[in-house]
Amino acid sequence: MGATRDTLSVIQEMATAMEEHRRHLTQLDSEIGDGDHGNNMHRGFQAALERLAATNPETPSDILKSCSMALINKVGGAAGPLYGTAFLRASTALSEKEELSAEDVAAAIEAAAAGVKQRGKSEVGDKTMVDALEPAARAAKEAASSGKGVGEVLRAAADSAGEGAGATVPLTANRGLASYLGARAAGHMDPGARSSYLLLDAAARALGA
Amino acid sequence: MGATRDTLSVIQEMATAMEEHRRHLTQLDSEIGDGDHGNNMHRGFQAALERLAATNPETPSDILKSCSMALINKVGGAAGPLYGTAFLRASTALSEKEELSAEDVAAAIEAAAAGVKQRGKSEVGDKTMVDALEPAARAAKEAASSGKGVGEVLRAAADSAGEGAGATVPLTANRGLASYLGARAAGHMDPGARSSYLLLDAAARALGA
Amino acid sequence: MKKIINAPERVVAEMLRGMELAHSGLIRVIHDFGVVVRADAPVQNKVALVSGGGSGHEPTHGGYVGFGMLDAACAGAVFTSPTPEQMLEATKAVDGGAGVFYVVKNYTGDVLNFEMAGELADAEGIQTDYVVTNDDVAVEDSTFTAGRRGIAGTIFVHKIAGAAAQDGKDLAGVKEIAQRANANMRSMGMALTSCIPPESGEPIFEIGDEEMEIGMGIHGEPGVERKKIEPADQIVDEMLGKILGDTVNFSGSEVAVMVNGLGATPIMELYLAYAHVADVLKREGVQVWGRPYVGEYMTSLEMAGFSITLLKLDDEMKGYLEAPCSVAAGRPF
Amino acid sequence: MKKIINAPERVVAEMLRGMELAHSGLIRVIHDFGVVVRADAPVQNKVALVSGGGSGHEPTHGGYVGFGMLDAACAGAVFTSPTPEQMLEATKAVDGGAGVFYVVKNYTGDVLNFEMAGELADAEGIQTDYVVTNDDVAVEDSTFTAGRRGIAGTIFVHKIAGAAAQDGKDLAGVKEIAQRANANMRSMGMALTSCIPPESGEPIFEIGDEEMEIGMGIHGEPGVERKKIEPADQIVDEMLGKILGDTVNFSGSEVAVMVNGLGATPIMELYLAYAHVADVLKREGVQVWGRPYVGEYMTSLEMAGFSITLLKLDDEMKGYLEAPCSVAAGRPF
């Protein structure tokens, strides 16, 4: 029950973060993309909240799956299938679990990052959300293996994601709409990397970390 | 010969005035019409100069007729047929004359004003070029009958046209594109009244008055 | 001013060249006179239709030249009526012996120039007649005004009178149905932004970032009310209120409906506006006939805004609206 | 932001309602899913064509639904790829037993979502396949990019693949000719101003009063060069230079030509640009086939600018371009 309640409050906090940062994410996307990322993420997490309220899933895995379906079905754009895949893989990684260990959480983040890389055919350095998610997964794994708790694992992941997002600023984009920009993408943070940080940060804050 | 040379220099001076005031006339027309009066008048007088150079008319009447044809054929808009009619009527009023008296000039202006009124079905107070031309015709007649010379007749006509144009500012338009403005036309000078003043002023200046 | 042009004084000539190249076989252009004519003109023993006006309203009027619509269109300078010289040239090029009919939008310049052209044509032995369209209800008619303006409804007159001429009506018959169409149609427009005529290079009017103007003319002549922009449904309500409140009783009739973009209004917004037009007409008992005309028919360069036209139909007009035609403004997809 | 809308979040739904009301008999709309389908769908034993993408490009894609072109179009949020859920709904609505073919513009979102939709359709026992259009030469292809963007040439693929499906080609045959069309077409765009997506309410990019951007994308994604605006002929030279210099050898061939307005560009300017396009193509030995496509085919809301597309034709493609079709974007006048 504790993990279920925690997971629900994580999603809730993520939705709040997407609401609060909607304009800024859209603005980042305007610089190098088409200016819809904030609206996309906000629409998706509102749909996730609705779906959770309607379906009332009972396990962390089911909650994440429900969230994944909402993102896939309601977001569109690149972010929809990518984040949808991330949540789906995290859900699969946690399937059957009623309570979550730090290792479980780290494994879920790792699965999510791997899913995005695979679906988007992207690597670190392509100036995408992978630049935030991959270091986050690594940091989560380290934190878990050095005995940190769930909250601390999420905090470590979020902080690394934040660094990773920051590191996208000087990069040239190779994937997504921003890739059409060539060298001119340099100097702007990737909006998807930023939203990845915000989501992980929300998750950590939901658990008081 | 003197009257022919004078008439040619009048047209030349008018063309110069239309060139110089092109932007301002267009601007006046933008306020209450469609913003083309300056370009229309400039195009017309350039065509008149070309036509004069090509056809080399020998009498004042023929010069004015040539000018009328150029205006009718090349201006379009409301100004083309109206000024075209004005010059045509003036030409008719002076037909067969080789030298021009002050009375002749006054009669030509009167004929021009009457032509515009008739073709445009407009009266003084409708906020059109008639508001400049009708008082000009009256002033020219008075000046001629009190023994003034040709130059002074034109100067008197021009000055009255200027007053008449100024008097269009507070008026509501009843004719032309500006009439669609209703009460909002008030506060702006009618562009055609302004161009009528400029043409008569150019004529007077051409004769050193 | 940012435009895809070479030189302001050449825009009309270069546009006509592009039109002719794009639609050879359908139209040809008499370049010295800025006149677009049907490629197969003159059509013998058919009343020929000629229209024209200032340029900048494309596809009006050159886009409507072809089988079943206009025989010729005279392109004036931007927003400036063409000259009698152009009109006479068009008249001579298309006269097939059955006379030439002018469709003239009610602007002083257009009317005066077409009147003069008619006199010149008479002098050359070509019979002419004309209709003056004045569908715009924005500015009230009275004994003191030059009357109402002619706007997008004019395209319905092109189509109906054009099909009637193609159908073999004589000059009087074409005039009668053109007048009937004009008498049964009402339009109203609004604008969000000004266009920029290439020659002056300046917007015709200034308008605030939150303002709209109801009743705006297609040359940027001011309308009836400037105010804060409202939701689309409210704007449509206002425009339709004025149209339906005028002297044509549309209720209970079948009506051709046009939602016309002025140049910069996204097609998305035109359809969105049409959704509410359809609702209001349904509520008012007005039956939309056939497929409504949603798109750009009479523009004002890059002005943002739109107009609505209603035309109350009878069976003859319906037949002529449906009749086949082949013009540059039409397209298969 | 000045728009003829009621509420930013309702623009797509309200537009679709207007389209459906305006074109009943031709299309119907599955409103819960933002999907436009042929009124008579599913057509039994015909390969069904589905396309879609973000809204704001009207008449793309809903305007091309109908006999001889698309069976369905999925309307995403403005500039946002539709979702697999929408695509699956469209797929189910139009499948007539011969499989469903997706025409996808090359943007990561569109490709990923259509791929997922295909997987979902497979799971429901509906066979699908797809083509990814990438006609835009503005941004260079390389192993590091997601490839070139799909822009206005996509409409040629709709027409050709649509006619091929109508003609009875099977899924593999439709795919083959869609790929052939895509492989033989090249496009390039430019913009003078930004559009304003209704939800954000802000221009996507800032651009100076004298500047243009060559290679601008249809979502306002930056192009290849920002510079001072040049005369139309020079702009056309640059765009055609890039297109003709690419890997398709157009010289000596018959070519379909599209000059596509992005939303706010006056028709006058499109024809003016076409005049120079025709001159350059003539000089380069490229033969313009049939009537060129000058108008708005794939817009970007109210963006000012245009794109040029060349498609090198063979006899089969010509036949399919000419084949009859009946879609909302078409009009008789």
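Brief remarks follow.
Note that the chains take the letters A, B, C and D in the order they are written out, and that residue 1 is the start of every chain.
Basically, contacts are C-beta pairs under 8 Å (C-beta built on N, C-alpha and C of every residue); 3 or more make two chains touch, one makes a residue touch a chain.
Please read these numbers as outputs of a predicted model, since none were measured by experiment.
The chains touching subunit A as well as subunit D do not exist; no chain touches both.
Mean C-alpha positions place subunit A and subunit B at a centre distance of 75 Å. With centres defined as mean CA coordinates, subunit C is found 55 Å away from subunit A. The distance from the centre of subunit B to the centre of subunit C, each centre being the mean of the chain's C-alpha atoms, comes to 32 Å. Counting partner chains per residue, subunit D has no residue touching two or more of them. Residue positions of subunit B touching 2 or more other chains: there are none. Contact topology of the protein chains: linear, an open path with no closing contact. Under the contact rule stated at the top, the pairs of chains that touch are A-D, B-C, C-D. Partner subunit C is touched in their complex by these residues of subunit D: 2-7, 11-12, 14-19, 21-23, 26, 55-56, 58-59, 63-64, 69, 155, 158-159, 192-193, 195, 209-212, 229, 231-233, 235, 263-275, 278, 291-296, 299, 301-302, 304-306, 324-325, 327, 329-333.
Within the complex formed with subunit C, the subunit B residues making contact are 23, 26-27, 30, 32-36, 38-40, 43, 72-82, 119-120, 174-182, 184.
On the subunit C side of its complex with subunit B, the touching residues are 54, 76-86, 107-109, 112-113, 115-116, 138-139, 144-146, 149, 197, 199-200, 202, 204-205, 217, 219-222, 224.
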